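Below, subunit A partners subunit B and then partners subunit C, in two separate complexes.
Up next is the complex of A and B:
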């Protein structure tokens, strides 16, 4: 347990000491939300729908970049190799990164929620607030797995570039910035292959704007995607070890 | 030394490792004593790092076996006996030396106290600075601290002083000597002959994945203490080999190269035997050169010329 506490402490210190990486991922979601849901919005209900989708967007940054860029940098610097030569448990490293990511995910989500509630006039039942928050937190898992796969496959400069593409691609295609029905039909089809799209539909259903699929279809799709990503990341991890 | 009576720390049997077509280690049989300092000496590509990685369980042998204190490398109980400083391993830039030490401490069952490690590695005046801000020598000392924090029985140091200036190198050497005096087996890879000479009780010379020599450093130094005489002479190889102290001779172009363990004595006889001898130079043979030639004369029964880079003393 003390290993886990130490690893987590080290992860948090590393993150806090690189504010130039943290701040964009924390600030971008609430800045974008404030702009599109409140300043440029002409309808009150937009603020509620966009809270559902921008919440998913807020989760993506810390998850994809924290693991994608973080793991590939530490792998490339030989730090992971040194840990592996010693008796450092792998679960503590991954677990500590996950806890740190969840912490920053919350730090990214809370301002968006505060803006929604106080400036956007979003009014939800207490249970709905919590259900939405739970879905947003759970969204961390598939995005972290995407980050792990990038981190164990790419070199550090490649990881920065590809993480950005994946991050922006999933945000746009998943309909997190603009609703998917505004897309041409080919892009609409493509959207259904992204986890961000199904997570956004799940969140939208909670706030009373369900898509054409049932929530259980969304949840099942997300589960299958998450499981596949998990299998893939176990494979990339074991390939590391050889 | 009492190493003969103790069980070896590391034993390899026919250890072979291939990267694709390239053979990094070729059927290596060796044992490393469980006390004292053992140097792995060889040029780049000799297989030193691969050998260390195999001993750590970071790479699986293609064939053959390797054990550390009778255990399989890479298993958790083995890892607790082993400390390591890897060649290309950088610690996180944003953590201080003390934070890295505290983190690594938590991995081990019976670690040293942080304060003791800080004193032993002389980290005192920079221990609270971020790793990024440290000089090359200071970074190595922090890495060294991580290698010994778990009180290992054997420590592998992969080129611990490469790229350091003389001052920083001397500090690392002192720490290695202290570590060895405390009863820990130390294996260090180096391509500096002087480093092996000043630190190691035992030296293993490797060349292109093969074992060339494995002996006490004193014996190895003695074996390689000779000189190379180059000259133009009408004497043939056989009459050269008959001269006292001459160990090997070969013709390279117009010149003859004569390896001797006593340059003065051999020269005197050589000049007597051929009064027309010309273009004479005498140079000290490098350890590595000597062993490459030695291994080849063992392989083929005659000496050959071979282009190997010298100048290992930078």
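Up next is the complex of A and C:
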């Protein structure tokens, strides 16, 4: 435990000492949410709908960048090799990164929720707020796995570029910025292949947004996607050892 | 040191997160804010004649406070109360419209006519939750409250699917339980079924499916109401214990057998005579729109909607005399009759049409008192609304104070002195005169010599019913100094059309002109000319014209376009339909004449 605690402490310290890296991923979601749901919305009636989708967006940043770019940089500099040679077990390395990511995910969600509740007029039952938070927090897992896979397979400069593409692609295609129903039908089909779409649908179901959706299908799809990503990341991890 | 950072961060951020989650606003918080805004000063209405929803009471004082009726009696004394002297006036409960489709500004428009509750028969389910919260609140409100079926039960392509709202359709009895469960989850107050198996226009769910939905609704304690348009369909559902019919059928005179069945099954009927009159082209909406007690309070789009009705066509299967006869017979047999307008269908307007419906119920043989009950107590009892529909202590203070007594003549419901919603007076200013657009620069609406845009900036394009969910199609081309139009009219839409239209960005004033003329030749048949103006949202005013295969000049009087707002004209269309088939025609010299 103390190994894990120390490792996580170091991760947090690292993030705080290099704020230029983590701050954009915390600020962008709430800035975008404030812009599209509050400032540019003439009716204000979108605030609840967009809270569900921008919450998923807020989770994506720390998850994908924390892992994707972070891991690839450390791998390239030989830090990962050093870690494996050191006494701390592998789970401590990944675990510390995961816990740090979860903490930053919460820090990213808090301002979005506050803007929604106190500037956007979003009022949800207490249980619904918690359920929404649970969905958003759980959304960390598939995105972290995407980040791990990127980090283990790409060089550091490549990871920055590809992470950005994946990040923006998942955000737009998954309907996190604009509702999927506003897309042409080909893009709507494409959306169903993104984890962000299914997570957003689950979050929308929680807040009771208008529209028909089948949450069981969304939950099943996201579970299969997550499992596949997990298997893939175990494989890329095992390749590191060789 | 690192471990300490870890523990502090984890505990700190989790506590912060939980604090935020506990502080975020809930609907209850908003409701409390609303309650605090309520004025807890008393209002005393003195010496009013009262119709309490059931009976007439002479000379009563009514105390209103915190949105509720606090006291009723003679010579009440309340200190520090604002007083209204209602001597010679009649106080009735806020009216309840038992059949609406409450879109857009419906709830704000309707309350200006003393209608304080809508029973909605099909709306998007997303409105259900917010409306449920609103209707239990007694905070100040300038809108009517809403109870609703939410989504309706209809088959894919059936009636209800043509309005552009995505419908959760149902095709077979085995889907009924799940379908009803979804409605219950969305918050439907009752279940509405569209059952029209004998319609030539619409597909319908079959009898077994309708029966399964009724059973599934009853199983979870919801009433099942049905839209039917024929006696045969109505009888079938009565045999399956449907709770209410949301229209009176107007295809056949009601049979003795049906009356017996209706008595024994305890069904209620919302005849919606106003919309049947409109479909039967009786022009009652036009007269209502110009009633000096109604007109000043109508929004421009509602005024036009009353004026235009279903255009100059009479829809088969709707006979007002048969409808009136059927209501009369059922009423005499003791069947509960409720007042519903079916606004905002063509020829009806939110709120205003309830007053017309009361008059039509009177024509169907209900006494003024029975007609008033049909819009107050009877609706509340039928739909289990325990907080409204009567003037009693503890009820919501939704009230209408009339200048005359409707028990003498039901038309007095239109003569409104003031309206209270949740105990607060509704502001009811007559509409100011509508502004006129700029004059049209050139009466020539076509110049097919050199393009599709006219000298007065009207641009020609094809127009067809696909925009309303139909499947007709049209194509246009510039011919030799005229416009060629090829269309296929497909009967899948109830009022199909396809043809060519000319529209301009900014509406223009065409009041100096009184006629529209054009030259036409084409496939023999009846065509229609539709005009677009003002704030119109429903079916546009139209006139029929006969076309043959030799060039002829057609001239139409603008005043025969019922509901045309000449001060704000923005387009016209010359189309084939509603008769189906393929049509080819050519247009030229479309212009306005003085």
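Here, the second predicted complex is superposed on the first by the 238 of 242 C-alpha atoms of A that agree within 3 Å, B and C clash if a C-alpha of one lies under 4 Å from a C-alpha of the other, contacts with A are read in each partner's own complex, and residues count from 1 in each chain.
In this text, a residue touches a chain if its C-beta (ideal position, glycine included) is under 8 Å from a C-beta of that chain, and two chains touch if they have at least 3 such contacts.
Everything quoted here is computed from the prediction, not taken from an experiment.
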item	value
Touching partner for A:2 - first (subunit B), second (subunit C), both, neither	both
Subunit B versus subunit C as contact partner of A:13, first or second or both or neither	both
Which of subunit B and subunit C A:125 touches, first, second, both or neither	second
First, second, both or neither for A:133, with subunit B first and subunit C second	second
Subunit B versus subunit C as contact partner of A:106, first or second or both or neither	second
Between subunit B and subunit C, more extensive residue contact with subunit A	C
Common interface positions of subunit A, toward subunit B and toward subunit C	2, 6-7, 9-10, 13
Contact set on subunit A toward subunit B in their complex	2-3, 6-7, 9-10, 13-14, 17-18, 74, 77-79, 81-89, 242
Contact set on subunit A toward subunit C in their complex	2, 5-10, 12-13, 99, 103, 106-107, 109-110, 113-114, 116-118, 122-126, 129-130, 133, 208-212
Complex interface listing, subunit C residues touching subunit A	1-7, 9-10, 13-14, 16-17, 20-27, 29-30, 124-126, 129, 166, 168
Subunit A partner contacts - residues on subunit B that touch it in the complex	56-60, 76, 79-80, 82-84, 86, 88-92, 94-95, 99, 102-104, 106-108, 130, 146, 150
